[in-house]
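Which chain is which? They are A, B, C and D, in the order written, and residues in each are numbered from 1.
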Amino acid sequence: MRENNMIVILNFKCYKEAMGEKALTLARICEQISQEYSIKMAVAPQHPDIYRISSSVDIPVYAQHIDPIEVGSHTGYVLPECVAEAGACGTLLNHSEKRMKLADIERAIERARDVGLKTVVCTNNIPTTKAAATLLPDFVAVEPPELIGTGVAVSKANPEVVRGSVKAVKEIAPNVNVLCGAGITTGEDFKRAVELGAEGILLASGIVKAKDQREALESLVKWL
Amino acid sequence: MRENNMIVILNFKCYKEAMGEKALTLARICEQISQEYSIKMAVAPQHPDIYRISSSVDIPVYAQHIDPIEVGSHTGYVLPECVAEAGACGTLLNHSEKRMKLADIERAIERARDVGLKTVVCTNNIPTTKAAATLLPDFVAVEPPELIGTGVAVSKANPEVVRGSVKAVKEIAPNVNVLCGAGITTGEDFKRAVELGAEGILLASGIVKAKDQREALESLVKWL
Amino acid sequence: MRENNMIVILNFKCYKEAMGEKALTLARICEQISQEYSIKMAVAPQHPDIYRISSSVDIPVYAQHIDPIEVGSHTGYVLPECVAEAGACGTLLNHSEKRMKLADIERAIERARDVGLKTVVCTNNIPTTKAAATLLPDFVAVEPPELIGTGVAVSKANPEVVRGSVKAVKEIAPNVNVLCGAGITTGEDFKRAVELGAEGILLASGIVKAKDQREALESLVKWL
Amino acid sequence: MRENNMIVILNFKCYKEAMGEKALTLARICEQISQEYSIKMAVAPQHPDIYRISSSVDIPVYAQHIDPIEVGSHTGYVLPECVAEAGACGTLLNHSEKRMKLADIERAIERARDVGLKTVVCTNNIPTTKAAATLLPDFVAVEPPELIGTGVAVSKANPEVVRGSVKAVKEIAPNVNVLCGAGITTGEDFKRAVELGAEGILLASGIVKAKDQREALESLVKWL
């Protein structure tokens, strides 16, 4: 079954409902849902929370960003090596809230590979998805910025951007997996994304800010 | 004695000698030196290492940077609340490797105050030191960029910038403390900085990359 | 009379009503108003329009921004020397739409001085106004960003920020002149700004986007 | 003959030898060489010099950069419409000295198309060249940053990056033309670039800073 390879990545952003002690609690919920429903789940907490989560919870942890730098004099930057040593196994790159220069995305993917981090490059439309795919990250996550945080799922509001992104990526780089983000909240949104060819989803506010985070996650994945 | 109030802040930058497990080891050395020599010491590790150090070592931990943001949708940014909850008690701002916009420095100082973080604003010359002092951070650290990482101490190579910075700050904001950075490596450099009016020092490569970090720290503070 | 020294600077931004041929027309209107009402007026067009205006109209031309660079390899940047040779006599710096790093503002003021350009540093509140004043630009223009482009004048909505800015600047650097921006549209707004201590105003949409630009300008200055 | 379609673009950067009055002189030299040797030449002066050159010299003028913005409140930015109205017929994008975000390159190409500007996207290696090609600019100019300004031609020092870039671009987007930059100074460098498949060159210091700019240009193109 195709769905077995689905991945669900939950971006904690800088939400207070997913920070420090609460980040740990939410990661534990994700871990349980992942086991109960046999679905691959990963969490992307803030940098100061990576170690705390990775050392307590058995779930893949992604950084929200890394900088395309080497060890050295880079006060305040995010070194791939440090993120990896803190227990992350991957990183988001070029999120719509943290857009990166083209040359930096390319270099960051290379640096991530050096230290064993998987990469999820976020993009905003079909042309940038295509461009990102040529750089051979592990995942491309297409998220039309106008839908992020709205609860209006891209898979419903703009199915063509998902279908077109999958098609474009598979032509250029068949091994790059396509995730679908922006507005995904319900199981129906998720299902629709899968039907359009997405191989996973990138979530945030729909789950993190739900009254009952566990219930929101369950209703998202139980159809699988 | 004036020196009792001296503070020594060690910036770990993105050096491999002060990352992950090694960051913890170096923080422990700083803790011991601090106790043995009755000197206030603080460490500024990378963000993913803050929690690990603050929960194991009894020494003030500073972030290397925070962003002037509130909780919310800021993927990849450094939220003051998160840094504080991870155990930091302060933060560097506007380091020469991570210069900030004027409006962002002002806002970041305010946000740091909201969450109980002390602030060290780095500056590059007397005019920017003066400008930073008007924003009432806890510390201003003057570091001529051309001397950073050289081992040539600002207190020796350019005493006037230290003396002039202290004078300018005290006229504008007597409660703001002046630190001296850039090239400080030896006890003599430190002593000279104190004679010029500095109320502490900001260190990095001279200690972190020393063959024997403990010895380097001891030789720095034993004259006090 | 104090008002004789008043300066009115009109920022053309990237408005289509003040670009190319239309920029020239608007600059000519400003020139005429300036002569008829004996008031100092200056215009700040887009960079490609500086030469065209300065070589045809006898009115001070300001750039909207310069970069803190020297001649050399800086493709796409704004060199102070080039702006000056094109006929500008000054520049805005740190506009709310183009915030600059503290170290860059300081350096840009110095570079502007090197090539004979006057400087107007824009700020967003009293603390940043104070910080900017220590850097000794020719003008500081305080503009609370939440009022820019609203037609709600800062001199009416937040008189304290104008009065407080004037007081703060005069304590630190009596020779720095204080302009008042954000939402100024009518003669009454301008008058109120002067009563609060402003020594001029920085305008934009209220005039540029007026149905009749000349009439809008006349109604602004005729009370003087 | 293939060479008939060759284009030579001369980037004036922020060099004093190609600014203001001197920019005009150099553009006239390019115009003459272009006619004498029947080769397409274009110049890329600083923004304040675009109008002055385009209104006096009959040679294509490129901007060094545009911002991916629409008309409106963007003080200090480079509006595509303004550059076009000043007489430019194209623009460089993502030069190694002015790297752009991936999403901004995509948007800038679209905005350039809206106003009739041709686009030259600069890239630093084969992967970023490939990514740029998917965005369908008119030209991609591959310039390994370590060779820029050295006088060591990429076509000699690293022929594989030129050959590989041409191959990659033609597979993805056959209508995108490939330029070769970085270190090109002599006719031999140019010839070698053409043999490797380049359809033109992007030049800067080798010509602008030559003792005799005309002679340098002539020796560059006379072999054609």
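By definition in this document, contacts are C-beta pairs under 8 Å (C-beta built on N, C-alpha and C of every residue); 3 or more make two chains touch, one makes a residue touch a chain.
Bear in mind that the values here come from a model prediction, so they are computed numbers and not experimental data.
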Superposition of subunit A upon subunit B: rotation angle, C-alpha, nearest 5 degrees: 180
Most distant chain from subunit A by Cα centroid: C
Proportion of interface numbers common to subunit B and subunit C (over half same, under half different): same
Contact-pair overlap exceeding half with A-D, pair selected from A-B, B-C or C-D: B-C
Rounded Å distance, subunit C centre to subunit D centre (Cα mean): 34
Interchain centroid distance [CA atoms averaged], subunit B/subunit D, Å: 44
Residues of subunit D whose C-beta touches two or more other chains: none
Complete list of chain pairs which touch one another: A-B, A-D, B-C, C-D
In the complex with subunit B, residue positions of subunit A that touch it: 11, 13-16, 19-21, 44, 46-52, 64-65, 69, 71-79, 81-83, 85-86, 88, 92, 95-98, 148-149, 204-205
Residues of subunit C touching subunit B in the complex: 94, 99-106, 123-125, 127-128, 130-132, 134-136, 172
